[in-house]
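Several structures are given next for inspection.
In what comes next, subunit A is part of two complexes: it sits with subunit B in the first one and with subunit C in the second one.
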Partner chain A sequence: MGGYFKNIKNGFQSVFEGLSVTMASMLVRPVTVQYPETDISSNETIQRSYKSTLMGMPENYRGVLGVNLETCTSCGLCVKACPIECIVIDTVKCDKTKLTDNSGNTVLNRFTQKEALKTRASTRFDINIGKCMFCGLCVIACPTRAIQHTNIFEMNRHNLDDLVIAFVPEEEKRAAMARGEEIEKEAAAKKAAKAKAAKEKQKEEKTDD
Partner chain B sequence: MESILLGLGLEEATAQILGAILKALIVLLFFVTVGGVLTWVERRLSGFMQSRLGPNRVGPQGFLQWIADGVKLVFKEDLVPDGADRVLFRLAPYFCLIGVFCTLVVLPWGSGIIIADLNVGLFYFISITSLVVIGVLMAGWSSNNKWSLLGGMRAAAQIVSYEIPVGLGLLVPILISGTLSMQGIMASQGWLPWDWMLFKSPFTVLSFFIFFVGSLAEANRIPFDLPEAESELVSGYCTEYTGFRYAVFFLSEWANLFVVGALTTVVYLGGGNLPGMISGLWVVSLLVFFLKTGLVVFLIIWIRWTLPRFRIDQLMKLSWKYLLPAAFLAFFGQALWMLLTWKLPLVQLAMAVLIFLTFLVLLYLFIKRVSVNIKEQKTSVNSPLPAEAGK
Partner chain C sequence: MSAALKTDYLTINMGPQHPSTHGVIRFIIKTDGEIIHECDPDIGYLHRGIEKLAESVSWQGFVPFTDRVDYVCAMNANLSYSMAVEKLMGLEIPQRAEYIRVIVSELNRISSHAIAIGAANMDMGAFTPFVHLLREREHINDLLEMICGARLTYNYICIGGVNYDLPPGFKEKTLEFLDHFEVVVEQINRLISYNQIFIKRFANVAVVPPEMAMQYNLVGPNLRGSGVKFDVRVAEPYSIYPELDFDVPVGEGYEGTLGDCYDRYLVRVKEIRESIKIIRQCLQRIPGGEHKAVVKNVIKPPKGHIYFRTETPRGDTGYFIYSDGKTSPNRLKIRTGSFTAMSIIPEIAKGVFIADLVAIIGSLDVVAPELDR
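Presenting the complex of A and B:
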């Protein structure tokens, strides 16, 4: 009989507490973010309410690939590493330069531990994020960590063509092409001069005889 | 309405029939609108209670969602499953609809506003809602589906058992007002809270609880929605229904929500009673009635998102072992209380005020508890615990 009245008391108590919990959550702001309308990447309150970095993504999140052309040697290892060939690189010759990163430090090739040398420049560096499967093999292959995953996850585009991200801007491409042609011409001129010199030397040697 | 039609030069019999049809149409339109709007209100409120937004796309604040849903359902194919009892299957939703719809006849919307003030109003109310059981059972039986049949059987068992405590619980207000007419019950209360039926004596409070819990069960609302029980029975008795018939089931369910709220308001919360000075203003009376009904409907929705579903044996236990004895206790207690205080109206009033004050104290405690819970819920998941922050 004691259990009978205890049950009634428990019933009333739990309903009282339960109703207060639901009423409280009704009065607290909903947590829903109305995603496409709310700009999540510039909304500070949303970012602050997460512990992690930008937009609440963890640092090792594999988002859209990003390329830092400052440290890229255009070696093409990423193209070879990519299993679905979503990276396309065209290169031309350029002046031999030692690479420095954004803070001015010399970039090392992290496999050989030597200074990374840039001998070729990209005229085209396209990544098709429609094909990309975010495996990260290109990131592993890159000797200078120029290609890396960002934590951007918004990949929707209105056009299929927009799915291809071009990292080399048009002016830079034209400049690199022009410089490449110059270098080719210079090299050709040098070669010609060398050949001529060699010929003359041969001639001299012949006349000596 | 008949007088207007007579004025147009119609014969008396035609005017009577036309008037009746017009009245029925008006009430039907009201019924459909209330049922529809309540679906939106419920979804929106449930959203807020779960820290979501709920439907907010169609129209301002998503208000037109119910029209969109209705249009969608009407355009769906009307399927009758193979092996179903076709006649019963097609008829069943309308039994549910009629069972709820006919209750509107005796609902007093305010003092003097009623379609038919029957002298057995409350009795009519209890009996006409029993049609819903027949509809649900028919739907379950005729679907040729085990889940449906189980749902229908459960509904029958549940509604029949809860009708007894509800009927006995309603005896207490009938005892006090001395009439079964809805207007009579409303008129026996005043506009002040301690004149309401709810606060008249401890036994009316008890009878209110019995009636309210029983009505939840009769309306198949969570925590008593075993006939539907999605996790066990797919969708219970309406598993096989599609399109318009499905919409009719749900319309009657949500309209039932309104009807339960309205009945509670009329019988226990003073209905649309107004203070003596402005008692003639029927619009205000209507507003008061709708406000109180809305609060009760809110309470029902609120309970839905608070309590989990009962098990079938717990459901039966609650009805037969707890509510039924309590209903008898309330009835005899109230009879005794009325005998003892027959010539002491002051004692009655003092008791009413005392109970009202007790309710206020409970409300205060509840608000305090809510504020504690709000503080707890506002703490962000990622923020350090208070103990860690102190270090």
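Presenting the complex of A and C:
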């Protein structure tokens, strides 16, 4: 009988002890951030409207991929690194240029520490964000840091096709294709001329005999 | 009259969509009134063929898939796979990377145990502790997001080290969190672990004696809850664990029988404290230097096979890899703790109340994606 009442007493005691913890948490500042009313893109914006202990989005947040075509050499390393093949690149030949970033500095290859050369232009650079799992392997593989994560995380689109981001605009694509054809023609003409010259040389040698 | 009345077992389904099965698992239960006569777990609802996928992606490309094997402790899965491949290649990794790996995987262990404890409480009808622990887990998510930019599927530990170095201010923020969390663990204990109603639900339910635990190949906290002092971190030391000072908590029959649900639950609470201890030591000793060894873009490990296991929050996770010297694994097999934990349920669920089955699942901490892969 004594055990029975002791049981009840212990039960009540532990329930009230638990309740004291619950009551104490009423004095704690709420941690829930009211997204989308609150801008959660950085810690400062959260703190401005909300006194929260949460940190907000960091600078290195792995959001939707973005590509800077200025520094992209169309090497295709990101395509090889991607385990689910969500990046598609088509390339044509272009004029050889040294890469410079927005402030005019030469871009170095991250792995070889040599100047990055542009020998190809991409006519198509598509990333399917519907497939992408934001693992960041392409960003790690990119030698010129052309492909980077942005902090965009809202990926709702009205159409499935809109999930494929095309980074090369239509005019640029046409221009690159045209220039690529020209270069190819020039190269072919050069080759033909070379072959002709070689043939004539052979002929001359023959006639000399 | 009663002799003529024909009685039969009633078969009911628990799941596949059931709030307390922690994922998509189905239990086919034959009941005799309120008592379970037979419980047959039906798994495979979350099978995604991850092992088969490994055969068509590159060695580095499989790391993001290991995140999805067990999303509650993705870092530990990353670590397990990366270390297996490194062993196969004979790759030495920088000391700093080893320390970072241990820090992040122990942080992930804390967040995983927080979920396990919270979910067990929620299954028992106590919703408040679950919300409290989710709030604390948010801080760990923030810390890990600060390192690698992702909150759940990190892809942080890679073959050859870690992908990114620790950001400035990480050490201070982690220490601040640990100071705060140590208090929270005590609060949670006061809130629910020592609550008499909760103890009455968990104590003496589904007792797994040490011999039976070993026969069924239980691993991790479930095995230690039965009083067997086995931890892969201690038994087969890897990384820098031999240099660290920590205890392996085991069940001692805290509230009644050795190996009951409450023992398994309390082992997890105690493990959180050990993890905090490990992280403090690592943060103190972490050396400078590189965070990643030089690894080629395309790696081809030599021919051969390897089995490597590490201690994850749900027991030891082992990766068997067979390499034929090509750019992707020839065969990969993942061995997880949830699977063996699931195999013991038909045995211990016999003769318990239906309500106690929820306690069993909660205390075994089964995670469905890890179960099916």
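Simple rule for what comes next: the second predicted complex is superposed on the first by the 153 of 209 C-alpha atoms of A that agree within 3 Å, B and C clash if a C-alpha of one lies under 4 Å from a C-alpha of the other, contacts with A are read in each partner's own complex, and residues count from 1 in each chain.
The working rule: a contact is a pair of C-beta atoms (placed from the backbone, for glycine too) under 8 Å apart; a residue touches a chain by one contact, two chains touch by 3 or more.
The structure displayed is predicted, hence computed values, not measured ones.
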Inquiry  = By the touch definition at the top of the document, which applies to A:Ala141: first (subunit B), second (subunit C), both, or neither?
reply    = second
First, second, both or neither for A:Val15, with subunit B first and subunit C second = both
Inquiry  = With both complexes superposed on chain A, which partner does A:Leu160 reach: first (subunit B), second (subunit C), both or neither?
reply    = neither
Request  = Using the superposition on chain A described above, determine whether A:Gln34 touches subunit B (first), subunit C (second), both, or neither.
outcome  = first
Inquiry  = Going by the contact rule set out at the top, does A:Leu77 touch subunit B (first), subunit C (second), both, or neither?
reply    = second
Task = Between subunit B and subunit C, point out the one touching more subunit A residues.
result = C
Ask   = What is the contact status of A:Arg62 with respect to subunit B (first) and subunit C (second): first, second, both, or neither?
value = second
Message = Once chain A of both complexes is superposed, is A:Ser25 in touch with subunit B (first), subunit C (second), both, or neither?
response = both
Request  = Jot down the residues of subunit A that show up as touching in both complexes, subunit B in one and subunit C in the other.
outcome  = 7, 15, 17-18, 20-22, 25, 31
Remark   = Seen from subunit C, its contact residues with subunit A in the complex are 57-58, 60-65, 67, 128, 132, 135, 138-139, 142, 145-146, 148-150, 153, 155, 158, 163-164, 167, 187, 190-192, 194-197, 297-298
Touch list for subunit A against partner subunit B, complex = 4, 7-8, 15-28, 30-32, 34, 49-51
Note = So, in the complex, the side of subunit B touching subunit A is made of residues 45, 47-53, 302-303, 305-307, 321-322, 366, 369-374, 376-378, 380, 382
Remark   = Listed in rising order, subunit A residues that touch subunit C in their complex are 7, 10-11, 13-15, 17-18, 20-22, 25, 31, 53-55, 57-58, 60-62, 77, 80-83, 133-137, 140-141, 149
